[in-house]
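Note that the chains are named A, B, C and D in the order they appear, and that numbering of residues resets to 1 at the start of each chain.
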Amino acid sequence: MLKLDPEAFATEPALPLFREEHDAYREAARDFVAGVITGNVEAWEVDREYPRELFRTVGAAGHFGAQFDPRWGGAGPDLVASAVFTEELARCGSAGLVADLRAHAGFACRYLDRYGTDEQKQRYLAPSIAGELVGGVGVVEVDGAGTVDGLALRAVRDGDDWVLDGADALVLNGSWADYLIVPAASDTSTPDPEVLLFILDTTASGVERHRDLRGGWRTAHTAALSCTAVRVSDENRLGRPGDEVAAITEQLVWERLVLALGAVVAAEVSLEQAIAYTRERQAFGRPVASFQVWQHRFADLGTEVELARSLTYHALRLYVAEEEGEDVLPGELDRATAMAKLYTDRVAQRTADECVQAHGGAGYLTEYPAQRYWRDTRLGVPGGGSDDTLREIVARSYGL
Amino acid sequence: MLKLDPEAFATEPALPLFREEHDAYREAARDFVAGVITGNVEAWEVDREYPRELFRTVGAAGHFGAQFDPRWGGAGPDLVASAVFTEELARCGSAGLVADLRAHAGFACRYLDRYGTDEQKQRYLAPSIAGELVGGVGVVEVDGAGTVDGLALRAVRDGDDWVLDGADALVLNGSWADYLIVPAASDTSTPDPEVLLFILDTTASGVERHRDLRGGWRTAHTAALSCTAVRVSDENRLGRPGDEVAAITEQLVWERLVLALGAVVAAEVSLEQAIAYTRERQAFGRPVASFQVWQHRFADLGTEVELARSLTYHALRLYVAEEEGEDVLPGELDRATAMAKLYTDRVAQRTADECVQAHGGAGYLTEYPAQRYWRDTRLGVPGGGSDDTLREIVARSYGL
Amino acid sequence: MTGSPFTTEHDDLRARVRHWVDEELLPHVDEWEAADLFPDEVFHRAGELGFLGLSVPVEDGGQGWDYWATVVFLEEISRASGSIAMGLGVQTDMCTPQIRQFGTAEQIEQYLKPAYRGEKIGSVGITEPDVGSDVASIRTHAKPTADGWVINGSKMYITNGVRADWVTMVVRTAEQDRSAPSAGMSLFLVDTDLPGFSVSKKLDKLGMRSSDTALLFLDDVHLPADALLGTEHEGFKQLMWGLQGERLAGGLLALGGAQMMFDQLLEDAGVRAGAGTGSLRSQRLRDRIAELATDLEANRRLIYDCCDKWNQGVYARTEIAMVKLAAAQLASKIADESMQLQAGNGHRAGDARESAWRDARLHRIGGGSDEVQRQVISRMMGL
Amino acid sequence: MTGSPFTTEHDDLRARVRHWVDEELLPHVDEWEAADLFPDEVFHRAGELGFLGLSVPVEDGGQGWDYWATVVFLEEISRASGSIAMGLGVQTDMCTPQIRQFGTAEQIEQYLKPAYRGEKIGSVGITEPDVGSDVASIRTHAKPTADGWVINGSKMYITNGVRADWVTMVVRTAEQDRSAPSAGMSLFLVDTDLPGFSVSKKLDKLGMRSSDTALLFLDDVHLPADALLGTEHEGFKQLMWGLQGERLAGGLLALGGAQMMFDQLLEDAGVRAGAGTGSLRSQRLRDRIAELATDLEANRRLIYDCCDKWNQGVYARTEIAMVKLAAAQLASKIADESMQLQAGNGHRAGDARESAWRDARLHRIGGGSDEVQRQVISRMMGL
């Protein structure tokens, strides 16, 4: 018989994540989003626009600061609280706006926080957390073999400056950001150029931006960027020379997690809407929700949403653990975040598709949000790596 | 305005296939199968055996002869009638027995008919059509690039004879056939050896066979063949030297079509059984078939069966047209048969799976045929090319 | 060509339609999509070219072809855009067949022939704001008057409804009787310029944006006696008579859209494969295309079998519902795969793939949703 | 390891179970499958090794671990075979929990402790030949006698039922009342050596072949008064009490099977990829494995979340039904993919992959079918 040591077992939950203060913060964040954003979403979506002032409002309320040090105006670092805001923001239902705010706080600010000098943090991070400066980021992908894809800018050293040329087709929050974090190649003619990162002031001479309209993400300020002999001071070079690819790769892991957290909420919200609609809508003298085919379909979708959530929370748990210096198996976090992104995107798309279907004819009308979830989960900008790249990461993690 | 010529339009159906005599033959074949085979299937499946005498019975009734010339005892050539028998035989529900009879008449006899000399036809084909001799065939695959896969035997010339050595893991109807059509390589040590075809008498010295038991196809006489210095007369070499790969490739096209015809029937039969069971079975005070989720699932399955059937009949139509010397676009038949096999297999598997599910607990019991359809559609011997090969053929046909 | 139901005459017709699409429609489609409307001229021109009523006898104002001509037309017009195909499809196969079948000589002169000439634009009015698939609960009603009827009510999701000259409309002419839900309805030909008739709203839709879809309002619309189409109270049956043709046309439109997107996908894939780089590997893509091509071919073969029977006067009711269901699903599937392949590029507003993707989504909802088709099929399977 | 709920003690336990599986079970599994029965000795030995009742307090005869120990056990035992895992799972998590919760001290001594020691083999009797998922329509009934009860009826699909020493059985103790379908049922501990008790048939099954599944027949079986488990007429509620734990264990068994097949698939894929030839290309396979691995991980994380809550005394009812549904489907999906990869080889009768594939199919039927889980989930979602 086994020897037993009852003391060996934790009395605490084995899989902790959210603490009480996070639950409290969630309530506050939910109220904030509902009060400041959600009510305006329908109008903003029609206008394809929302007030840039929103960054200041969110910053002033402290919601950009959860994961950053108080030294720069943050309230953390608390990655779990930051995840809570990511989730609550996603509930507003306007994926474009969400993408903008996420690009600013989750991506641009995080780049600055992790790879910036104190001087760069003072100049860019602190006012960004306050919502006084607005940041954007260029979209890149790193394939399974560690090759950076999407390097469209070329940077040439000239004295103390760098001269940037080229066009980047995909910059998140780019059309109205004050600064952009962009990657560039030292020499675009070689297959494996040196990768550099810059903080690019958008007021610099030679910078042109065109907002990019898509079928989804209508409120997003995604832009095409063009640089013509743009001079950037070496002080605005980001990250330690030689570590840029590692920084970008690391950033992508975080982005995948953030996108997965948002995708789960998007799936949940569209499922809730679908169910609510079918409860109201009558067909053949009874609510549509009383038909067995819809009940079973909702059961399947609800199951997928919960699977997606557990998978994503596990990735978050690993991320937090690694940040806190705990022992995480090498590659485990990469795999977990890739899986979370791969799985949740699909669930969000499928749920949004069934949400349209559950609405019948109304699902095809722009006055109902169903079609927006559907467009937003499919017609936005892909981020964090394509499905193919994510599968590649997962397969490699099994030694294949 | 267009000029009209009413005479330009056929009064006949534009897409003819079965004629009146085929409908009449179908009835006769159905009665024959029901009377001679179907009633015995449950017992034969339990025994994993059926009487070899069945070949003689089927042959005597003329059912092997539809596609062959009267000169060899056939009643054709009528490929459509042969397709009718393939379909009606598949209704018996014992895929192993069906595979044996198909390997004999559809594959071995067809090889002899198309590539045999008159002398070979006299010796093997005529008694096979009569059911007095039983034939089998070795399974091979030709990949998209025309390379023959599955050449396990080596043939070396020795005077007027050939000496065969090696082991072929997969010979249809092999454990009790009187002769086998087997491919062999002139030299197995080179990557691209010359391919030869032989009619191998199974009484020859050095021939060993072991019947191969699988999870499905329980009544099948699929065998592993081993040859040790087996002498085969050059008279038993099949096909014109140099044309063997073309013959094998051509044969595979026909095999795919025949397998697709059978798969559609397998899907249909399992769907019929599933529906019949749910009509009888009560749950919560009403027939299971009255639940909407099952109604809709059956609607989906019924749709897939009809799609599969139309796709397969189209391939048959093309096959018949080409045989009759009509104008068929190059590659069109290859594509159509590959598609038919790819699609129908999947439909048969899915339908059988839902048939098990519709039976509830009874679906897991061997006393119900549901689990047999499920095993037979998945656990039999793959033939006519794997899904991957078939997709390859289809993709290539689009110039990809 | 063997295996093909099309004669050389059909091939000529196909070339003519394709020429029209390539030369006169495709150059403007983006602009019309952006403007949320394709011009009425498209109807006029289609009539002028003899493309409306192709499979209708000459004496009824048609072109006297068999049904394969309609197949050719719907396949080719789908290459223009989902909206145009749907607008013209409603004109040729949804609002007119009942007139041909049940109309008086005068109605044929007044509505059917001008429709085929492209001079009048028609629409069909069944669904209502609170009705959906449950046709039996229609509330719009017509009361007899001394010299005709007076109609009150509203009609929803009416394709061509903003610009239509008339609506082939089903309305209640007797109280609803739940024990005989299909009783007491009649068909009317409602001119849209009558007093009391109004377009409440042009519906703002996810896709099919250059097609006009309306919410119609009827406030004491007085109709003359000869506005009744066919027999009083027999409207539901007459509607059902037309349903097979509508579904078949609906399936052909969905399949036409699917084929158009597949061709685009194949072209895009060729470009990708040619480039030989990018994150999407060629084998993966080849597999996906092989699967979609197979689905597409299976759909085409079943729908052609239905068309073949149709030509022989046989209505393959179950199979027609099946092709409507399957083709709608396939169109969505191909659209989705095309989006997946295009990743960033296909999502740009105004990109043809993006609008095709939105257009394709309608087929699973309009003309009887997937769920309705499954219900219909299962009934016909005896369940 | 962070992110893992398992302590080093759990890891040690896992090593012990694995050692047992590798050394004493796996070498014989093929033979037991061929013989259609694994020996009773497996139960005895599991008890001897302290593997039964792991998460049960010591005073009830268990081992005093938390629920993660049960997770470890069910995961590892699944590597042996579906049949063994199911047989032992019924013993530890399906026929015994009600005794622990509702049993008298004497019943605990007489049934529970011997069960955990592996001396008695138990089974649970709910379903009947004509009942299926609709538990309320159970017909087997117990009539009170002077000194106990007399039972008549039959029970179907009883795992361990051929060799069980007792059956934890739900039977009707009052007439069926359709307005209160769950009323009037009671739980009994029925010894299988009582006169009138018989095994009508050992069921011949598609898979799980070395597990014995019985049709039981009860003909005037006289039970003593103390055979009643818990409260008379409260049997349905007591059964429902145990259902959460059964479903969770059912989910863990399905997931265990899925993991076992996935590991095999990975190994086979490695061999294939290493060979570098054959018709199956490496990229295709990598994609499929990545997808399955992701599904598997999602299932594991949701089930672990349920287990975590379970440890804290929280029954996540909706999520537990979800994991049962999802894990069962996943097991079938992985099994199918494994067959696809193996093409010819995996289909050989007696091949471990082939039997795993047949075993996996049970999860979508047994312990509440997919359809039942969906019904349950939708009810809990308020639909």
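Quick note on the criterion: a residue touches a chain if its C-beta (ideal position, glycine included) is under 8 Å from a C-beta of that chain, and two chains touch if they have at least 3 such contacts.
Remember, predicted model here, so these are calculated numbers, not experimental data.
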item: Centroid comparison with subunit C (C-alpha atoms), farthest chain; value: D
item: Of B-D and C-D, whichever chain pair has more C-beta contact pairs; value: B-D
item: Interchain centroid distance [CA atoms averaged], subunit C/subunit D, Å; value: 53
item: Computed distance of Cα centres, subunit C from subunit A, in Å; value: 40
item: For subunit D, residues that touch 2 or more chains besides their own; value: 281, 284, 287, 371, 374
item: Sequence positions of subunit A contacting 2 or more other chains; value: 293, 296, 388
item: Subunit A contact footprint on subunit C (complex, rising order); value: 127, 130, 132-134, 137, 156-157, 203-207, 278-281, 284, 332, 336, 339-340, 343-344, 347-351, 354-355, 357-358, 361-362, 364-366, 369-371, 374
item: Contact footprint of subunit A on subunit B as seen in their complex; value: 291-293, 296
item: Residue ranges of subunit D in contact with subunit A within the complex; value: 1-3, 5, 7, 9, 13, 16, 49-50, 58, 63-66, 68, 266, 269-270, 273, 282, 285-287, 289-291, 293-295, 297-299, 301-302, 304-305, 308, 311-312, 318-319, 322, 325-326, 371, 373-375, 377-378, 381-383
item: Subunit C - residues contacting subunit D, complex; value: 281, 283-284, 287
item: Partner subunit C, residues of subunit B touching it in the complex; value: 1-2, 4-6, 8-10, 13-15, 275, 289-290, 294-296, 298-300, 302-304, 306-311, 313-314, 317-318, 321-322, 326-329, 332, 336, 339, 342-343, 388, 390-392, 394-395, 398-400
